[in-house]
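Two complexes come next, and they have one chain in common, subunit A, joined by subunit B in the first and subunit C in the second.
For the complex of A and B:
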């Protein structure tokens, strides 16, 4: 297989397979969660479930002060790499083109030097959280193999994308193909790992907020 | 990979390249200018210019046999249709082109005799230039004087000092090899493994790249440094994207969306129109075409990536590199619909099993616990 054939495969059948698994997996898992249902609450409502739920989805974006004091590193670095990932994934022109092609929705891109800088910061932050996970005894106690796998499939598209953008190490078609392949790996694993939090955080925050809202208390 | 192939011939021979150039009326000044341009293109230090000039002066006109197989003659056109007689074309005229069935006057058996004579006289020393791919599936698709392309290639390659497949067809199979490859087209490197091969791909390749490779061979008697696809790094070392004058627009995020919008008129980046510059290695953006006039991107058309293997089968020329080549949106929709059905079914099953568990649940009373069996 030549490098151009490799690139054609990842842009063609490879991406097709990954997309089908990704969409199928995410929707099946969301349906399973949504259909769990809840027991009818016989207590009288003291407030609205909906407003409490929706508010909590956003209010949990800001860390609570005690939590922040305890896990300053995790929260700050976590924010940095999540924002970095957002910039790199959604504000880089070639990525927007892909999203527009598949969904029909598009928006303006950031200049590439800014995306490039965000990519470097994100990779450093990702390396830092891995180091923290390896060094910290509490994190060590909590960590499972899946956590390292999830880290790897997030980091690989970043590093291959950076190399492909700068054309370093290998010929450009191979670099681009490896980058796309690493994203396909991420897409395939996404629905079946903790990466699902990108969707489920909304459900869990809403649920917590809704319980509190029904009771008429803040969450 | 460097292999020593031939020694420069002694001075004083009427048949040297220097003598041939003087006969053509090329001044010393323009000859040295060519040497300097070649040195800079091959990323050699200026101190190498006199060495190149000396070597070219003294070089015996090498015998070149040019075989044309499944091709469109575009590669030959690229070399011969220069608007003015450039030093490059004179250098090319000044090799001893002993066989080129498109250009030579002789035809039929007389032409074949010329090839055989050149092979006999220069056995082990001649350069073999090839354009076009070789039909291996059915040799009947392309024959010359009743000889199949494969037989002619194998026979002529035996005495060649080096082989230069010119154009993407000869280098990688090119358009004849495009899916479904009806002739079973193969590249030179697919068939010949025991000779030094310098691929000069492109559809067509840039003339100055061909003369540059010949100059390197005449000057140093060695093969230039090649990349992993057998291309001279001096010319194929950088991607079109990295040397493109429209690159600043890519970096700023300014793209032409169609061929006639404001971005296209302002000369913005053609990435969204399918430019393959980021994955294509060639010298177009630096040496340009038609005597340095322009190159395809400068004329407002995205790069097709013609110097890369399988460029014809790499998806639409007009789809951006980051866009999948298959109908992903449609498949995702089907997958989504199937997932809703499967997800609902699984949800129902889960509900049913929890309902069943509830129904089968037996309450345990204090009496039950106190019961002694």
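For the complex of A and C:
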């Protein structure tokens, strides 16, 4: 397989396969969760489930002051790499072009140097997250293979994308092909790993807020 | 796999619903729940990380409800659920978790970890890996009617003392009363002043109320140990009496988990909506205050603070009422850091106080309460849970602190103006 054939495979059939697994996988997983349902609450309500649930979806973005003091590193670095990932994935001109090509929807991009800087900051933050995972006793106690796997498949597209953009190391088509391949790996693993939190956190926060809201507590 | 273990796995499987599946799908192992749990913050031992405590439930979910888990199981890569594993988890699930719910307020993806620990206990109880003290308390609750083995004659004797000391009649088995008052054994045995206090307050406010000779115990070991069948039976005793006496409402005493048991879990345990209301004593007192039926005189002296019992505040929704009442009684009130819905547990709820093997750790983690009180130089502490009260008194003694612990209901009773 030549360099160009490799690139056309990852852009064509490879991308299609990954997209199908990603989209169907995520839908099936969400369906699996919601299908389990939950029992109706027979206790007299002291507040609204719906408003409690919706409230917590947003309120969990701002930690309580004691929580911030105690978990400062996790919160700050977590925010940095999540915002960074958002900028790099959704506000980089070539990515928006691809999204427009597939879905027909588009929006304006951030200037490339800003995205480039965001990419560097995100990679540093991800490296810090890994270091924290290895060094911190609680993080170490919780760690399983899957934690390192999802870290790796999040980090790889960042590195390959950065190298492809700056044309470092390999010929451009190969770099681009590797970048796309790494994203396909992420997409394929997404529905089967904790990467699913990107969708399920909305359900979890809603349930949490609803359970508390029913009792009249703002969680 | 032994039959019992199989039943335990089945019991865990039964507990899995959409919230559990979404929580377990969302956890990214960030470790923030550890920072929210006094068992971790005061010991620094990662084994106390809250999400770790639900591992038995998580394994069952992963292996039975997810594609990857089933694949791993087929390939022999899944971590099995064994008796040794559950035995190891016993102290994590019971000794070092008071189901205070603080971790559930902090988790960034929104996991209600406490909701899952409550469910994990259902499986643990079936497996038999349960602390002895909690088994004893539960057995006594079922056979005798009280986790401390208190029978009605003991209550009757206390009622006699109280009537003599306070000069108010304590009604028993009065049909058609507005309220059926429940008690905890701890109040009957250690704080009978509480009975005197409600007799005085209800006389003052002209409230009709009664105790029941058949169901006076409000606590529910069934929910602490995690056996819904037992929990349901204990709730049903109260429901039957409330219906027999045709009361409008049942009052949960100054006890945290009793309120959760009858107010929030109760109807779900017995499988029907109640035909009467359930209120915490603080809710009733605050209603009386609003209606202007409580006339008080004088204020408490010294700098006082309030400890929110977890099941009444964060897990129960009774947060404003105690503060409204305290306003009437305390001039120098001070809120502890994190007071209110983010308050720290005393360290002995959720059954921990009945577990002997947890004695050391519960006193160690009391350090958190100590720090909270010292941060505001509290000269006295008011609370509304006799279990918190006993443990806080224990903790204060352990740390050589001379600070009185007051009951809010009793404090209110002391300040009522005598009727003419």
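Quick notes on this one:
As a convention for this text, the second predicted complex is superposed on the first by the 219 of 219 C-alpha atoms of A that agree within 3 Å, B and C clash if a C-alpha of one lies under 4 Å from a C-alpha of the other, contacts with A are read in each partner's own complex, and residues count from 1 in each chain.
In this section, contacts are C-beta pairs under 8 Å (C-beta built on N, C-alpha and C of every residue); 3 or more make two chains touch, one makes a residue touch a chain.
Computed from a predicted model, the values in this text were never measured in an experiment.
Superposition of the two structures on subunit A shows subunit C fitting alongside subunit B with no clash. With both structures placed on the common chain, the touch criterion links A:71 to subunit C but leaves subunit B unconnected. Applying the stated contact rule after C-alpha superposition, one finds that A:32 touches each of subunit B and subunit C.
Of the two partner chains placed around the shared chain by superposition, subunit C is the only one that A:142 touches, whereas subunit B remains out of contact.
Here the vertex is the CA centre of subunit A, and the angle it makes with the centres of subunit B and subunit C is 170 degrees, a multiple of 10.
Superposition on chain A leaves subunit B and subunit C with their closest Cα atoms 6 Å from each other. On subunit A, the patch touched by subunit B and the patch touched by subunit C overlap at residues 29, 32, 34-37. Per the touch definition, subunit B reaches subunit A in the complex via residues 172, 227-229, 239, 241-242, 250-253, 255, 271-272, 278-281, 305, 308-311, 313-315, 320-329, 331-332, 334-336, 338-340, 342-344, 346-348, 350-351.
Those residues of subunit A that touch subunit C in the complex are listed here as 29, 32-39, 41-44, 46-47, 56-57, 60, 63-64, 66-67, 70-71, 74-75, 78, 136-144, 147, 192-194, 196-197, 200-201, 203-209, 211-212, 215-219. On the side of subunit A, the complex with subunit B involves touching residues 2-5, 7-8, 11-13, 15-16, 19-21, 23-32, 34-37, 93-95, 97-98, 101-104, 108-113, 167, 171-173, 176. By the touch rule above, subunit C contacts subunit A in their complex via residues 16-23, 25-32, 34-36, 40-41, 44, 46-47, 49, 51-52, 65-68, 104-112, 115, 263-268, 271-274, 277-278, 313-317, 319, 337-338, 341-342.
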